[in-house]
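In the two complexes that follow, chain A is the common piece, with chain B as its partner first and chain C second.
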Partner chain A sequence: MDINAIRTRLLALLRQIAPDIEPQSIEPQRAFRDQFDFDSMDALHFAAAVSEAFGLEIPERDYPSLTSLEGAARFVQSRLSAGA
Partner chain B sequence: MAESRIPGRAAPRGMTHHLLDYEAARRTFTWENARIALTGGSDPRLNIAYEAIDRRVQRGYGVWLAARFIDRAGNRLDITYSQLQSRCNRFANALRSLEIPRGAPVATLLGRSAELFTVALGTLKAGNVFCPLFSAFGPEPLKTRLALGHIQVLVTSGAFYRRKVAGIRAALGALRHVLIVREDPHEELPEGTTDFAELMRQASDSYETAPTHDTDVALLHFTSGTTGMPKGVTLTHAAVIAQHATSELVLDLHPQEVFWCTADPGWVTGIAYGMIGPLTCGVTLIVDQEEFDPQRWYRILAEERVNVWYTAPTAIRMLMKAGLELTRAHRYPELRLMASVGEPLNAEAVLWGVEAFGQPFHDTWWQTETGAIMIANFPACGVVPGSMGRAVPGIEAAVLRRTERGVQVVSSPEEVGEIGLRPGWPSMFSGYLDNPERYRASFHDGWYLAGDLARRDRDGYFWFIGRADDVIKSAGHLISPFELESALMQHPAVAQAAVIGIPDPIAGEAVKAFVELKSAVAPDEALRSAILGHARRLLGAAVAPREIAFSEALPRTRSGKIMRRLLRARELGLPEGDLSTLEGRP
Partner chain C sequence: MRVEFRLPSLGADMESATLTEWLKQPGEPIHRGEAIATVETTKGLIDLEAYEDGTISEFVAAPGARLMVGAVMAHLELEGAARAPELSAQPPSAPAPPLEAPPPAAAAVTAPEAARVRLSPAARRRAHELGIAPETLAHAAAPGAIVHLQDIESLAAARPAAPGEARAAMRQAIGAAMARAKREIPHYYLGHTLDFGPARAWLAQHNAQLAVGERLIEAVLILKAVALAAARLEGFNGYWRDGRFERSAAVHVGAAIAVRGGGLVAPALLDAHAKDLAALMREFSALVTRARAGHLRSGEFTSATITVTSLGADGVDVLYPIINPPQVAIIGAGAIRDAPWVIEGRMEVRPLITLALAADHRVTDGRLGGRFLRSIAALLADPQSL
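Up next is the complex of A and B:
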């Protein structure tokens, strides 16, 4: 899957959990919680949503990879290509 | 009831538990003696900050570490009792230089920083009232609390100010000064604010503690009720007596031990046990400035050699979910006591403690109004998994039944009733700010009624059942449905809203909102998302609903009151109960 397509999908998941986020203002490299109001329950829900949307099993030790948009996109891409 | 009790553990070599024999402690404990044990005499003056810092310095603890702050990158900032004393003195002088009168309330909207400790204890030392605000609140709950509290000074960061306070400042008539803790010296100060660091630099580092007494108000904590605005709970300087006694009896703290309370200082636990009580015991506090992260937490427990750890069920359940592999990446030979507070701790979580750390979590129960732990599992006595524990020495607790003839004590074991406490302990709240009727209504026939339902077994152990009202407890935060509903109704498409708590495997309860739309507005996903976004912006992510459902007609009583209880019963498939007052029914 193309990384841009992954990013778009991740953004949609993020917006489902936190619709208060302005997608155009997101800095992809920066942790979500440094940019907007995103608490640890949001982070947990985001990890669950990513896991379901991409059909990936994501152990808790990998959650730190999901704290920024770019981190999450790269993580999903590498996991998808590893499984392919 | 023959519950399986996990036996108590012996104290490490050379140390004795503060409470060894529960029955004996109940017989002999008095609050008068507890006051003397803390202050060393019968001085009629009493000041929380003085007991927490100055008396420690006087007794020779000055060079010991009072607190270690750990930032995101893992950098440590260590502050000794003497250093904390000078910082607090400077802030107390700063308040005087701003001509803030004694007794006036000072609030913080800060992360878990050294400045927060300085402001909290400096404010108390100056004889002013300290009010911590939860930094995850959005502008709406902040406006309500700053206004209700008549806050005169707010200490916050530039980022919080711009995001949450600048837009509501005009509505805050009592607010005279906003002090900004800058992240770096080049950060520009927002208009109409003062530089905290500069003010501190100009202030002297010696200050004579204000001559406060047991009955003087010291702390203002906001908590949520079912109806109406948040309640401003006031605690007096005498709270320190109970916070100190329970830090010994329940948390078993000894001088120079390393103690980590993970609660946010925006709530009462983070102040009573994240700061005041443990400092009066001469411990070193660990303060992690980062948000919850299992690997980080295990690393802190191991590397900082934490002896006593006070945390919360939501965090414990998140650690359980993260798996034992992470727990076992470290060893914790110094960890000797683990306790929990904030919501009921299920037996599975207690037992997981044994599997993961070789020791159980000790559940404790109290609330903002009680000012200190009231019911607990004690380290020397062992733990009954799933139980809240027994009444703390000096506390008379009972299960009560409300009847037409007044309140009655339930004498038969296992019967469910409301938790009642006999007034007379020093940290009992002294009032709800500006609301004496509501304060009076909390007491019946010589009991304070806590609003929590429980049963008591034959051995005197309390078992939590639920709230007696509609207040929601999510991830340890007490959330008022009314406050959330009011915020939802500010959205132009919403006619009516009802908010309930639904069971959540991690957070205990999750907030779900039902909204009735204005006529001619069609429900769709875009609107659902817009309403959720609106709620999060106004309230903050930590308290906003996680889920929104559209409802064509919310169930109401004939008098028009929305029946949250019925919504909850329907949501959970429970019996709907007595519906005789429901609108549209015979």
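Up next is the complex of A and C:
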């Protein structure tokens, strides 16, 4: 899957969890926690949404890869290509 | 039996609310716990629930009416013994009149266009989420026409992100409630630091076997430990009312939830002491989602018997909380941080957490408060017991 397509899908998931986020204001490299006051519940909701949307197993040790948009996109891409 | 359905107090910081819509019609059956009306408060839209089975006989308040706490909203015909819900604040003995008379149904069409703005329920909800005051929407639709969701969306797209008026109102409400708490409640404060290592290790092992959506977070262990300790030790779980402490057998833990962009709500996890961690996690997760969307239920506001508050992973070492009246205790959980800790004479780096208790001196004193904190610590040191 193309990384831009992954980013677009991740953005949609992010908007489901935090509808008050404006997509154009997102800084891809910056942690969600710093940008949107993400807490552990938001992080879990995001991990669950990513896991379901892309059909990936995400153990807790991989949570740090999901803390920013860019990090999450790269993580999903590498996991998808590893599984392919 | 015919009874009056009054606007309940949904917290010490609430004086009035605006009736947004009736969710049931006269004659339609209503069931205990079912939402029958939605009101708008500074905490967002809240569903008011029926406290007994029955039917609505007639409406007294019309959508759009601003009502004082205790104002009669409708007459109900109830099947059970008629009584107000035990856990909500008692309404004043004299029925309070509505602050503003609700406009007659047809008035909006004939009134001058600057008069009340009519919104569809979805539009009202969205406007609230965006922090747009309904009064400012006079030009969003043709005079006399109803403002629909798409009108709000196009308005929101056109205007720059403005600081929400709803947020300012929430800040004011929090200020009023906390000023009252500090004025009336003789707080005392205690802190206790503990090794969160055993809880964290147990959690990692537990979560490793589960799909992401079923995993627990650390906060749930703390909520459960506080609930169990509060159920065991008298003096921290219940209300201060009419000059005395009323103990509650059930522990409804209020979970302080930050609203993105500022503000705070503390709806309750009902019967938290009696629920297993998985059930508590599911409810907490749903509660956070609904709290942030600005849509909670009346029962969740009226019933917390004790509160837990935390600033999360980004927080500070100690959080000294303020009691949420009429409750008599609150636990502030600091951020978990790695720090030196002495175990059997050796120094080790462990994940530490400091719990702070604020409690009401009219009900307990420091000795009992210390036992309460130690009892929470003991539960967290033995996570199997949760």
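Please note the rule applied: the second predicted complex is superposed on the first by the 84 of 84 C-alpha atoms of A that agree within 3 Å, B and C clash if a C-alpha of one lies under 4 Å from a C-alpha of the other, contacts with A are read in each partner's own complex, and residues count from 1 in each chain.
Assume a residue touches a chain if its C-beta (ideal position, glycine included) is under 8 Å from a C-beta of that chain, and two chains touch if they have at least 3 such contacts.
The shown structure was predicted, so the numbers you read here are calculated from the model rather than taken from an experiment.
By the touch criterion defined above, A:R15 reaches chain B but does not reach chain C.
Looking at the shared chain after the overlay, A:H45 reaches both chain B and chain C. Contact with both chain B and chain C is seen for A:R33 once the two complexes are overlaid on the shared chain.
Of the two partner chains placed by superposition, only chain B is touched by A:P64; chain C is not. On chain A, the surface patch touched by chain B in one complex and by chain C in the other comprises residues 18-20, 33, 37, 39-41, 44-45, 59-60.
Those residues of chain A that touch chain B in the shared complex are 15-16, 18-21, 33, 37-42, 44-45, 59-61, 64. Taken together, the chain C residues at the contact with chain A in this complex read 129, 161, 204, 207-208, 211-213, 215, 217-219, 258, 260-261, 284-285, 288-289, 292-293, 312-314.
Across the complex, chain C is touched by residues 18-20, 22, 33, 36-37, 39-41, 44-45, 47-48, 51-52, 58-60 of chain A.
Looking at the complex, you find that chain B touches chain A at residues 136, 138, 291-295, 318, 321-323, 325-326, 475, 506-507, 529-530, 532-534, 536-537, 540-542, 546.
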